[in-house]
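The first chain written gets the first letter, and so on, giving A, B, C and D; residue counts start at 1 in each chain.
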Amino acid sequence: MSGNTFGNLFAVTNFGESHGPAIGCVIDGCPPGLALSEADIQPDLDRRRPGTSRHVTQRQEADAVQILSGVYQGQTTGTPIALLIPNTDQRSKDYGNLLDTFRPGHADYTYLHKYGLRDPRGGGRSSARLTAPMVAAGAVAKKWLAQQYGTRFQGCLTQVGEMAIGFESWSHVAHNPFFAPLADVSALEAYMDGLRRAGDSCGARLRICASGVPVGLGQPLFDKLDADIAWAMMGINAVKGVEIGAGFASVAQRGSMHGDSLTPTGFATNNAGGVLGGISTGQDIEVSIAIKPTSSITTPRASIDVHGQPVEVVTKGRHDPCVGLRAAPIAEAMLALVVIEHALRQRAQCADVAVATPDIARA
Amino acid sequence: MSGNTFGNLFAVTNFGESHGPAIGCVIDGCPPGLALSEADIQPDLDRRRPGTSRHVTQRQEADAVQILSGVYQGQTTGTPIALLIPNTDQRSKDYGNLLDTFRPGHADYTYLHKYGLRDPRGGGRSSARLTAPMVAAGAVAKKWLAQQYGTRFQGCLTQVGEMAIGFESWSHVAHNPFFAPLADVSALEAYMDGLRRAGDSCGARLRICASGVPVGLGQPLFDKLDADIAWAMMGINAVKGVEIGAGFASVAQRGSMHGDSLTPTGFATNNAGGVLGGISTGQDIEVSIAIKPTSSITTPRASIDVHGQPVEVVTKGRHDPCVGLRAAPIAEAMLALVVIEHALRQRAQCADVAVATPDIARA
Amino acid sequence: MSGNTFGNLFAVTNFGESHGPAIGCVIDGCPPGLALSEADIQPDLDRRRPGTSRHVTQRQEADAVQILSGVYQGQTTGTPIALLIPNTDQRSKDYGNLLDTFRPGHADYTYLHKYGLRDPRGGGRSSARLTAPMVAAGAVAKKWLAQQYGTRFQGCLTQVGEMAIGFESWSHVAHNPFFAPLADVSALEAYMDGLRRAGDSCGARLRICASGVPVGLGQPLFDKLDADIAWAMMGINAVKGVEIGAGFASVAQRGSMHGDSLTPTGFATNNAGGVLGGISTGQDIEVSIAIKPTSSITTPRASIDVHGQPVEVVTKGRHDPCVGLRAAPIAEAMLALVVIEHALRQRAQCADVAVATPDIARA
Amino acid sequence: MSGNTFGNLFAVTNFGESHGPAIGCVIDGCPPGLALSEADIQPDLDRRRPGTSRHVTQRQEADAVQILSGVYQGQTTGTPIALLIPNTDQRSKDYGNLLDTFRPGHADYTYLHKYGLRDPRGGGRSSARLTAPMVAAGAVAKKWLAQQYGTRFQGCLTQVGEMAIGFESWSHVAHNPFFAPLADVSALEAYMDGLRRAGDSCGARLRICASGVPVGLGQPLFDKLDADIAWAMMGINAVKGVEIGAGFASVAQRGSMHGDSLTPTGFATNNAGGVLGGISTGQDIEVSIAIKPTSSITTPRASIDVHGQPVEVVTKGRHDPCVGLRAAPIAEAMLALVVIEHALRQRAQCADVAVATPDIARA
């Protein structure tokens, strides 16, 4: 409950600031005997890292992860895995002028009122840079889940600003800088170029999907699988909405249409998004999230300073015009961390359960 | 993390089943010295309880709460407050025939696969009846927060099925069985009557609002105030989507429009929904949730039995055709429980913080 | 962490006061499918309950437990098990005069300073009566552990006041009101009769032993098995000291003598008390606890009242002259609750571990 | 509950192994605005570090701590404080031969059975080296508590092997390598020299004392202040017993003698050790712990190898002949971490409590 630890049985404690010497995390509770090296973690960090196209922040960070503990002779030992990611491209002077003013849409105001002081360098603790250690931890979770159950996590962009993005194929996602499931992203490139020239930012919507999740994960009342997913997703910087399965569309549905029929060979549909009563059905877990436009923009905004006086704020420095563009690996990681937590809980309480009833999602 | 306890500092442990002898909860961590009796709790339970109009389930439950502990001479002592709500109108025979079949959209299938067995009486533990103890606990939280900060919680219906409901005034909400902010609910009545005659169900959308929340509540990374709200809301039975502030609409917004400008007399807008960087701004906290249509309907559905054989399912018994109609007090209670948890955490870590900067939301 | 919940995966939330309407607990996380009825729990409550001999308090309580939830058709469902124990022999008038004074050695003074008010009836929340729900929860843990691993818990008295009690056999423990491992307890009876006549009280030492604990339970750093045992034991009312294995005697031992040699057929000795590096060895877990003399005695004591003025205090009402006499079932229950918690944690993290090395404690 | 995190509100997550690249911890929940630099932490690390006299292990570690996050311009920001301590004097070859055998009294056997594999280098995770990050975290806690309440922590040696050590004065403790409260430690030096020549090890007993602890810290049932202290102390490597106040001596006391009388100017005695009913009285908290003899000795011992075959084990490498000699700063730190956790909890729940009754411990 300390605010910087995610999970209980697979607990990830995150530390660092955007412009401090390093960021990182400690994973506690990883099952022993998992083959693990930096090479298992780096690819997901590379998918998330900045500076990889003209459409994202130009900060250059290798995000090279080091395993400090918890691995011996290439295997996890069951003890804490400390992961360190040095910061290498801090430019704190970019932010010096922000100490006395509040950026609209930014956490400056709330941090100051909460703590009485704040680290302004690159947003300090509120920076999206702190998602990097979660991506690293998520890579460990993904590897274990893949080996144990064949679980697989994928995320893609479904909307940017007012532009909806059709779904063509998961196979396209890795081949463009937008995580878009499209063969041709030229319209997207043009859209982002226009936005950047305008000195403005926009929001995004993403779809995240986990396949191969075992039936039975989640808990009935408060730690429902979908509740924990909502918590994990809303905890990602800039997220303002979360849907599971049919989401807000279910409001206008009839019960006779929404409830997914069961057949001997599987569920007929997946309005549930893979969760019923807070517990996984074994179908794909389908999540959709809304990401707000970046608050750091070069367009001048009306605001106040720390004395309550009106000021005009322009944010310089290096920023993503649409943070949603890099969010897919982050959301995948958060989903993987939720799933492994519940997989371990399920082993704890229900390891002995044997059910004669067929698992239709695997039929 | 045990799955049936909500919160850490103001921890509410929920127990019971829909058709067992009683349901209830234990509140641990309530500040001492709060004047409290059953009369403080019963009104919210009465707002939620079934049988109060033809539009909801006809199960008759007084939902009369008893305080078993934690109060001495009319004041909380700081020790656990046990609340008991006897069940009085169980009709378990209504559900006997459901033991061998799975209702589409219901938790039957997932409970069986998780636990290896299930209590079919009225949905057992998965029943929305288990929200009653949360409403009771929420009433205690509301009272403390009102006294301490003047915080106030309100919820209303904003959509039923495909019918959008305009917002006229909070003052109407208490005067119709729909929690609708409308003077005239005849159209709603007609809609619900039609739905009931059709033997079907529909979804709903609700708005929940907390005013008078102090600035500074929430934590930066994982226990963000909005993340915990999303967790609490998605944990309510049948909820499939959660939005904070502009929510999914923020996807199509520009940063220059979304970010709420600060002025010496307050924020100009509230796209943030009262939370920036996971921490409360002092503005109203604005939440919107999507509730799916009830899965228990009299329309026949295709399904399977526990042996995996195809069957047709018709759910009899007493059910709400739209569970969203009674959800406002539930969602208010869950929001209150999140806010009190963070209020206590803030006292723990930051009780000494003094800020010279003006609190513009109270300006 | 809320102070009234014991455990995380097998979490027991305790509520009630000595003289309220009822006491009880909610067990969250019990594995499903365990055959359970009140008859599994009542025997341990009967071993602990007051009024069974002239040597303990004469308060008459049947301590009849009711299962309110979590069991369906005689099996645990995996959802919360609420246990209720009505109070039937309250005599709150006995304590009315205590509201303004502080009994030496009692929690009166600290409760008032912590909470600003207190429930004086029978010690309110600080009463040893609140151990009854733990004995009930412990009985559930014991049953599951016995079925799963053959684990067995036993406790006995090893010292009363200055009188050491030799160990003859566990088989005697059930046949005298002192939980003494002796065939002939006449000396003990005479000792206790003298103490009661003197209007005084004395302390006690107990030994608690768990056999059949699997190797590998516990965690390396903070949730060491022995640390959690120390926590559980020191949390029992009046306990002032805890030892594992050789305990304080290990101070004067040499390493060449203390370290238990391993042989192909088992450990040669058990100075470790069944725990090495915080993890169970598979040997018997051996615990010893010190219980202070009851603070409620009829001998007049110097004290102060709530205004800070000197007063003389005499405690009337019904009290145990040596609370240690009834403590064996309590300590057994607490130990069982620690062991089941770690057994479930071990399944969560290490369910897949297979070791070729022989388990010598089972050799 | 993840096993490597200590505390909830002031949560310290520990990572690293004896012979990995670094050890460290992350402190989450530290109040903001505390002036903090490495210079506040290093002195306690220096008190604990090895190689400072001939009586302890000759491993040379500067134990130079680095603050990686959570401090900005010399003040804590309220976000996680990551502390890193590089390992500089690993000699893993010393331990290579231990991989296939189990040292009597060591965690080798239990680690292998728990995790299926183990890191043998210097005991890996079970090394007492992992107490260094706790000493560092404790220094932060000590500083905050000293500023807030004037709390002060002191520890000293009271027995080594069979040699009892009289208490002369706290002022001597800092002036000898034994943390002995004696002006003349020549007898101790001779004792330790003899032990080392014998190739054997011995146990120790320590007293730890906290003065200036506010009245009212602790919780009534499970998170009693003394229970949490017992948990923290028993969690220190090699501790086998814990006493609060009169401890095991209270068994032979009468109630008329044990219960500390209250007077208008304070408690007459302190058999309680500063805790009544699990809550601090405001008196000194008095703790005594038993530390077993080091298991790593050069005297040959009978044991088995990983195949279950008998072997003789001789432990070379660098070891303390009495780990108790360096344990005082460790135990002080653990006590400080318990006290700050409860101080923050008390603010959370009871910040508003005002009591007219005098605080006699401060009279």
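Brief remarks on what is shown
Everything that follows uses one rule, which is that a residue touches a chain if its C-beta (ideal position, glycine included) is under 8 Å from a C-beta of that chain, and two chains touch if they have at least 3 such contacts.
For clarity, every value in this text was computed on a predicted model and none was experimentally measured.
Just to note, of B-C and B-D, the chains joined by more C-beta pairs in contact are B-C.
The greatest centre-to-centre gap from subunit D, using C-alpha centroids, is found for B.
Chain centres here are Cα averages; for subunit B and subunit C they lie 38 Å apart.
Subunit B has its Cα centroid 26 Å from the Cα centroid of subunit A. The mean-CA centres of subunit B and subunit D are about 45 angstrom from one another, to the nearest whole unit.
Of all residues in subunit D, those touching 2 or more other chains are 1, 3-5, 8-9, 14, 29, 32-33, 78-79, 114-116, 125, 220, 345, 350, 353, listed in ascending order. Residues 1-5, 7-9, 11, 13-17, 20-24, 26, 28-29, 32-33, 66, 68-70, 72, 75, 77-82, 114-119, 121, 124-125 of subunit A touch subunit D in their complex.
Every residue of subunit C that touches subunit A in the complex is listed here, in rising order: 1, 8-9, 29-33, 78-79, 220, 344-345, 347-353.
Only residues 1, 3-6, 8-9, 14, 102-107, 109-116, 125-126, 130, 159, 161-162, 200-205, 215-224, 226-235, 240-256, 258-264, 268, 271-273, 275-282, 290-297, 299, 301-304, 306-310, 345-346, 350, 353-360 of subunit B touch subunit A when the two sit together in their complex.
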